[in-house]
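Below are structures written as structure tokens.
Across the two complexes that follow, chain A remains constant while its partner is chain B and subsequently chain C.
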Partner chain A sequence: MPDPSGWDLFKSPAARILPGKARQAMEGVYTVGNGNNTFGDLTAIKWSYVINTNDSSFHVSGFFGKDIAYFICEGKQLDGAIIMNGYWRKMVSTETGLIRLTITAANGANILLSPLPAVTPGSIVINGVFGNGQEEPELPVSFAYNRPLHNSPAGFNILAHRSGGRNSDLLPVSENSVEMVLKTAEFGSTGIEIDVRFTKDGIPIIYHDNDLNLREVQKSGLVGPIENYTYAQLSAFVRLIHGERIPTLRQVLNTVVYQTQLSFVWLDTKYIGSLEKVQTLAQEFKQRALQQGRNVEIVIGLPGRDQINNFLSLPDYASTPSLCELSIEDVQTTNARIWAPRFTEGTQNDKVAAIHAQGRKAFAWTLDVPEFIEQFIREGDFDGILSNYPSCIAYYYYVQQ
Partner chain B sequence: MCRSPREIYLLISISLFIALNCNAQDSAFFAKHRAIYFPYPMYKEQWRSSLGFTLLTTPQDITEEVRLRIPCGNFTVLKKISNHFTAEGRIDFQFLQNHLSAGVQYVRPVSKKFYFSAGNDIGYWFGFLKIDGFDSKGSGWLTYPSVTFGYMTRKDLLITLKVQASVNLYYQAQNGENKFSSGKKYYNGEAFTLAIEQPFYHRKHLTLAFSAISNYFYWQTWSLFYKTNRKVFYPQITVGIIL
Partner chain C sequence: MYNNKFFVLLLLLFCFNISVAQKKVKKERLPRRKPSFVLQAGGGASYYTAHVNTSSVAYTGTLNKWSPAGTLRLMWYPRYRLRLGLETGFTNFYRYKVTDTSGQGQVSLQAIPLLVVWSMQVLPRLNIYAGFGSYILKPISIIKALSIQETGF
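Now for the complex of A and B:
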């Protein structure tokens, strides 16, 4: 990821945080003028935030239809204008670079910074420059406000695989890390899927593979199955590929509830054993979220027959939120709230309709090919899609008319 | 330009000598060697063929725990077109996914020990997966321009270096009722193959080849993922018996 800290104007002491109303009013579908050869014809612009110890940090993201491109910027107001500074990336390649955007007062900043911003098509024009890699950005880019973001009344879950994407997607933070949970909304996610395993001393942790390997962790000298190590050992000696610690499930849920705007957590059960501790944590953090005035749905994923049997042995399984990847019959047996088939069976609108008729939801996983994402959103009836490229789902969902 | 009967006679004699010598070379080559990779012209032979298998290792950073060593059968056949042109056909079969290719090579000796060929193959792959959780089909077209350099050692060993590029021409995938096709042509990557061919038992000849394949898309992994965001390295071993 290129370092965007070189724009002196953005570091000006006079630059101040944007008011919430301006951020909210800026969200929408924009027509791309300059730069459409690189990014495509439209962008869906959306803000996200995370809550830090003393304050919140806000980011504006633009999701494009070409090459799974996006930009992520911070935004400030300066002398009546709005300036945004960050980077862009294409997920189909390793292309990335800096981007600097400006909304002058005459191009809509006066509207956005007014007490009651009223935005109409063409009333906001964002101009700026972008470049390749760390080079000084010089290529022109411009976006003109077109319409509000699409939002269906029932809502739609944009779910990020492994909390944001795989390590092979070359993201700036590691998959299944607290740091990724804090970043994932910038990629467009409204929820996350994370992988639950247990340490030797029975601590539920978030980690995908069976064993410690160089795909997921830095060289540490520890090898073999992760359940052979205690959490203290893992915490002391093992670092994820970008240097983070392997998080506990408690740490991740704590982050989701207290620091993010995420509304959904899919706990993918990667082990075979009792689900009691996971159930207890899911219930605890559901309550904590409610105490915060938030509705965060936390579901236990049931990917196989063993996990279903363990789930059915829980005393109150029927009232425990779960997500079943197997057949519709298994969904009924477990009283899962969500049916989640592989996308490789197609949109299956008849089965999804049957699930909806039972008052349940249906999610498809793990959908990464943009053309299929577009088809599933345009032609399918799923309530959510899991992807390594949540920005791509965000684009196709928000630009719908 | 007018030539005297003596010059014409000399020219024909030299040509005949070269042709006969080539046939003699061909017979000598055929008696001593059999080769599929080695770019030796088919002066006298009409056909060469080979049956074997490849073993491909999938990249761990992409396929993660699904670290496969995929065996794949293959049958290769060469057909003489002329002294310097050879047609080549190849079938790679895994039943659930298969690849067919055909092309033409221009083959030319550089010296007694060094040989060279250049050509192009067109490849078509197709696969289907209909098991629990999958209702998928895929197919596509690629083209493979290549150059090959051969070195004949004093012993019976033939050493070949083949450099092959691949260009994706067409891709189609289907999941359930959802279809997607793309005619976008893009440079897909390259493969470097070092092959050795020699007799190993009586007159049977063996091919052993090591390939370093670096691709955005590789047909053997179509059901695991579509093209990757960077070229991925696939090591492959080929073992074949020349028939």
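Now for the complex of A and C:
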């Protein structure tokens, strides 16, 4: 990821944080003028935030239809204008670079910074430059406001696989890390899927593979099944690819509830054993979220027969939110709130309609091909899609007319 | 737990071989000897050449890649020049200590080679050896937790 800290204007002491109304009013579908050869014809621009210890940090993201491209910027107001500074990336390749954007007062900043911003097509024009790698950006880019983001009344879940994407996608933070949970909304995610395992001493942790390997962790001297180690051993000796510690389930749920705007957590159970601790934590953090005035849905994933049997042995399984990947009959047996078939089964609109008729939801997993994502959003009736490229889902969902 | 890298370095560990075969070279040039098995033992020092990332974990500057190494090799000497054998042994790839918020501890990555070895007498008193195989890796980690990380779980 290129370092965007070289824009002196953005570091000006006179630059101030943007008002919330300006951020909200800026969101929308924009027509790409300059730069459409690189990014495509449309972009869906949306803000996200995380809550830090003393303040909040806001990022504006633009999701494009070409090559799963996106940009992520910070934004400020300066002398009546709005300036945005960050980087762009294409997920189909390693192409990336800096991007600097400006909305002058005449191009809509005066509207956005007004007490009651009213945005109309063409009233906001974002101009700027982008470049390749760390080089000074010089290529022109421009976006003109076209229409509001699509939002269906029932809402739609844009779910990020492994909390934001795989290590193989060369993201700046590690998969299944607290740091990725804090970053995933910048990619357009409204929820996450995370992988739950247990340490030797019974601590639920978030880790995908069944062993410590160089795909997920740095060389540490510890090898073999992760369940052979205590949490203290993993915490002291093992670091994820980008240097983070392997998080506990408690740490991740705490981050989701208290620091993010995420509204959905899919706990993919990668182990075979009692689900009691996972159930307890899910219930605890559901309550904590409610105390915060937030509705965060935390569901236990049931990917196989063993997990279903363990789920059914829970004392109050029927009232425990769960997500079943198997048949509709299994969904009914477990009283799962969500049916999540593999995307290769197709859109299955008749089965999805049957699930909806039972008051349940349907999610598809794991869609990474843009053509399939577009097809599932246009032709399917799913309530959410899981992907390693949430920015691609965000684009196709938000640009719908 | 297996490392499939080809470790040429292993050959260097046999500089102190007690090689019965060496003494029998002259005999082999006379009437052919009977096939036999020869047990060889060796020892020396090993060095782990690959990089170990020390940037993220709270190492205390005690990363040690040197270790004593011992090997045991069973060779089959047929009537021909090419000989076949199995080799095992013991070494320590690396070890280090940490002082971290989660505790103090140390890790040692032990390795046991399991190799198939060939040798050939190229000169009256010179044999060459080559082999390939896997290492069984056995991490030994000790951690003395400074504090309880989680309340319950």
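Side notes on the structure shown:
Assume the second predicted complex is superposed on the first by the 401 of 401 C-alpha atoms of A that agree within 3 Å, B and C clash if a C-alpha of one lies under 4 Å from a C-alpha of the other, contacts with A are read in each partner's own complex, and residues count from 1 in each chain.
The rule we apply is simple: a residue touches a chain if its C-beta (ideal position, glycine included) is under 8 Å from a C-beta of that chain, and two chains touch if they have at least 3 such contacts.
Source: prediction; values computed, not measured.
By the touch criterion defined above, A:Thr344 lies against chain B but remains apart from chain C after alignment on the C-alpha atoms of chain A.
With both structures placed on the common chain, the touch criterion links A:Asp368 to chain B but leaves chain C unconnected.
Looking at the shared chain after the overlay, A:Thr120 reaches neither chain B nor chain C. When the two structures are aligned on the shared chain, A:Arg250 is found in touch with chain C, with no touch to chain B. Once chain A of one complex is fitted onto chain A of the other, the partner contacts of A:Ser220 are limited to chain C, with no touch recorded for chain B.
Legend: residue contacts after superposition of the two complexes on their common chain; A:Val92 is shown touching chain B, with no touch to chain C.
Chain B makes touch with chain A in their complex at residues 60-62, 64-65, 129, 133-136, 173, 175-178, 180, 182, 225-230. Residues 91-94, 166-170, 208-210, 213, 215, 341-348, 368-369, 371-372, 375-376, 379 of chain A touch chain B in their complex.
Residues of chain A touching chain C in their complex: 202-204, 218-224, 229-233, 235-239, 243, 248-250, 277, 281.
Against chain A, the residues of chain C that register as touching in their complex are 1, 50-53, 55-58, 93-96, 98, 100, 102-103, 105, 107-109, 137, 139, 141, 143, 145, 149-150, 153.
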